[in-house]
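Each structure below appears as structure tokens.
You will see subunit A twice below: alongside subunit B first, and alongside subunit C after that.
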Partner chain A sequence: MFLAFALITLLGALGMLLQKNIIVAGLFMVAAFFGIAGLFVLLANPVAAALQIIVYSGAIMVLVLFVIMMLNSHEEEAAEFSRPIQRWLSLALVLALAVGAVKLVMASKGVQELAVRGAATSPAVTLQGVGAVLFADHLLGFEVAGLMLLAAMVGAVALTKRNL
Partner chain B sequence: MTGMDAILHGGLQGYLVVALLLFAIGLAAVLLRRTLLMQFMGVELMLNAANVALLAFARFRGGDLQATVFYLFIIAVAACEAAVGLALIIGLYRHRDTTDSDRTASLKQ
Partner chain C sequence: MDTLASLLHTSPAIAWMAVKIVIVFGGIFTLAAVFTWVERRGSAMIQDRIGPNRAALFGRIRIIGLQQLLADGLKFLFKEDLAPTDANKGLFWLAPFLAFVPAMLGFAVIPFGRSFVSGGTTYHLSVLDPGNGMGMLYPLAIGGMAVYGVLVAAWSSNNKWSILGGMRASAAMVSYEIGMSLAVVALFMTTGGYDPKDIIAAQGYLPWHWNVVPHFLGFIVFFTCMFAETNRLPFDFAEGESEIVAGFNTEYGSMKFSLLALAEYGHMMTASALIATLYFGGWQVPFVQNPTVALSITSFVLKLVFFAWVFVWIRWTLPRFRYDQLMHLGWKVMLPMSMVNLVFHAWRMSQGH
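Right after this comes the complex of A and B.
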């Protein structure tokens, strides 16, 4: 099961990276987000899985696809300057970062110890538990998040409206 | 479970490797693609990679609930970022008629 969801996630992300058409790339992103939601279910966290599908696949990607269709620029424009050195350099940087970090994780004694110690099944995360922690320990953060969503909403309308 | 076995069957290392590769793909999208919307999707991918690592560590530390609360805050910020970022892209497209980041390298027309 883990391998299936990991492959859905990584192949979706890779398809997004390699796709020329931006709408198809957006749909690959939706597949990747569904794969991540599956990984969250396997991590005994159905709350995060539901939020992932509702907020990312449901709200954010729909907003992105809506903007892509509205802007009517579905294909990547021809490059103004070809920058071969920068492109190969960034590709090498990304590959070095990925290989180095994976090697670091596989060699880490602390991660290995944590993986063995935490392998016992823990109870699944419930919405009730999350709500209790959220309103007991992080009430101020919750209010600030609400205020920030309001500010972002007002800001988005102010930025896109032609004449206020 | 350690080594390859952990990667193939969902040990902590497996989730961390998935998160790292997801981050690398997102970074590659930001660095290699020129369309601003593709770069935006790359940023979203990197954000999700961090979430996968956070919730994996929480599960292997005995189902810590604080991580899920943090995840809630992270997606609230991601939603704000998506709304404002897309509004900026729309505004740019209206002024310049392009979503290519190379063509919008300077603020002046």
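Right after this comes the complex of A and C.
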């Protein structure tokens, strides 16, 4: 199961990068989001999986595709000249980042404890649990995020409607 | 169940799962197909016509025209399968499935009858057992996926009418979804759980305790949004045949069109089941405290068919809205209404009710 979802995620992401047609690339991204939702379910967190699908593939990607269709340019423009140095540099950076991330995860406390104690199946996360954690432990962060989103919304309206 | 499982060399749990999947998807599929006929007969009834009543088996046996279904299916199967020259072929093929699969999947968490105990094991009458952690979030998530079928069908046809229909669908979807979700959140709050089993159990068997009474505002919002979600008339501007030919399915013919149409009716069934579960007590039988399993299933199916009929009824009663009118309705009427509903119930709960 893990392999299947991981493959969906990775192939979706790869397809998004390599696809020249922007709309098809967007659909590949939806597939990648689905893979991530599946991984969340395997991590005993169905709430995150549902929210992933509702928020990312249900709302954000629909808006993104809507904007792409509005702009009506479905093909990526070709670069004026190739940039071999930047290409190899970016590849090297991505590799370094990936190796570093894997090393960090493997060296982390949680993984080491896991090796000692063995995996205990944690109970599935519920919506009630998420709500309690959000409003009891992380109330400040939650409110700040809400305020920032409100400010962003007001800013967007002010930018698009000059004469209110 | 155990003998069946041993005959098939599987465990009883898997056999029961397979039986449930066959019952649920077979049932939804059949109901969706029957409702394509009910729609035509119903529209005829409402417009004082007769409607399709001539189709007959072997030219003899007419059962009020029900064979029309078979005739339609055969006709769709044998029609030539055309795809426009400039269409994106892969996506053009994929789109009917993208539309059809979410329409069927949404039903999976909805209990269609009472759970019962037999031989020491509890059998739940829903494809996904309660306590799966997704609960009512699952149909909402899957419902959000439905727009991709329309969007992909619209874009891949490479036809300006189709693209107009797809863009209308996606723009409309963003504007009604928040109001709908808030209406459901208020339900989660008063129930104290988000599993359909909890929501049904909390409603009880007395009709005036069903959620439709305390959550009347939320019910109106949810009910209206279901019409937008299923792309049905007052809000079917993704299709809008008097304005943009046939909208997103202009270029579709034969079995692919049939799948798109069945997806619409499948979605209608899921939406009716959601309305029945959330606001009308699901499988609860009015005034019967502990109904038998058969009675509870009958009650659920009756509610489902009734709401599906309301969909047909409203389609042939109301004229189509303009598409900016739904945006207006979504943002300026339904969102405030479900906000009021949410805050009112939060206030009531804080007062200790």
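Miscellaneous remarks
Just so we're on the same page, the second predicted complex is superposed on the first by the 137 of 164 C-alpha atoms of A that agree within 3 Å, B and C clash if a C-alpha of one lies under 4 Å from a C-alpha of the other, contacts with A are read in each partner's own complex, and residues count from 1 in each chain.
In this section, a residue touches a chain if its C-beta (ideal position, glycine included) is under 8 Å from a C-beta of that chain, and two chains touch if they have at least 3 such contacts.
Keep in mind it's a predicted model, so treat the numbers as computed, not measured.
Taken together through their common subunit A, the two structures put subunit B and subunit C side by side without a clash.
Shared-chain residue A:M70: touches subunit B and subunit C both.
Using the contact criterion defined above for the overlaid structures, shared-chain residue A:L27 touches subunit C, although it does not reach subunit B. In the superposition on chain A, A:A92 makes contact with neither subunit B nor subunit C. Once the two complexes are overlaid on the shared chain, A:V62 sits against subunit C while remaining clear of subunit B. Once chain A of one complex is fitted onto chain A of the other, the partner contacts of A:Q128 are limited to subunit C, with no touch recorded for subunit B.
More residues of subunit A lie in contact with B than with the other chain of the pair subunit B and subunit C. Judged by the touch definition given at the top, the superposed model places A:L147 against neither subunit B nor subunit C. By the touch criterion defined above, A:V102 reaches subunit B but does not reach subunit C.
In the superposed model, A:I53 makes contact with subunit C only, not with subunit B. Between subunit B and subunit C, the shortest distance over C-alpha atoms in the superposed arrangement works out to 13 Å. The residues of subunit A shared by its contacts with subunit B and with subunit C are 44-45, 47, 51, 59, 63, 70, 124-125. On the side of subunit C, the complex with subunit A involves touching residues 88, 91, 132-135, 137-138, 140-142, 144-145, 147-148, 151-152, 155, 163, 166-167, 170-171, 173-174, 177, 181, 188, 192-194.
By the touch rule above, subunit A contacts subunit C in their complex via residues 21, 23-24, 27, 30, 44-47, 49-51, 53-54, 57-59, 62-63, 65-66, 69-70, 124-128. Within the complex formed with subunit A, the subunit B residues making contact are 1-3, 6, 8-18, 20-29, 31-35, 37-38, 40-42, 44-45, 48, 51-52, 55-63, 65-66, 68-69, 71-73, 75-84, 86-91, 93-94, 98-100, 102-103. Per the touch definition, subunit A reaches subunit B in the complex via residues 1-3, 6, 9-10, 13-14, 16-17, 22, 25-26, 29, 32-33, 36, 39-40, 42-45, 47-48, 51-52, 55-56, 59-60, 63-64, 67-68, 70-71, 73, 76-77, 79-81, 87, 90-91, 93-95, 97-98, 101-102, 105-106, 111-112, 114-119, 122-125, 129-130, 132-134, 137-138, 141, 145, 148-149, 151-153, 155-157, 159-160, 162.
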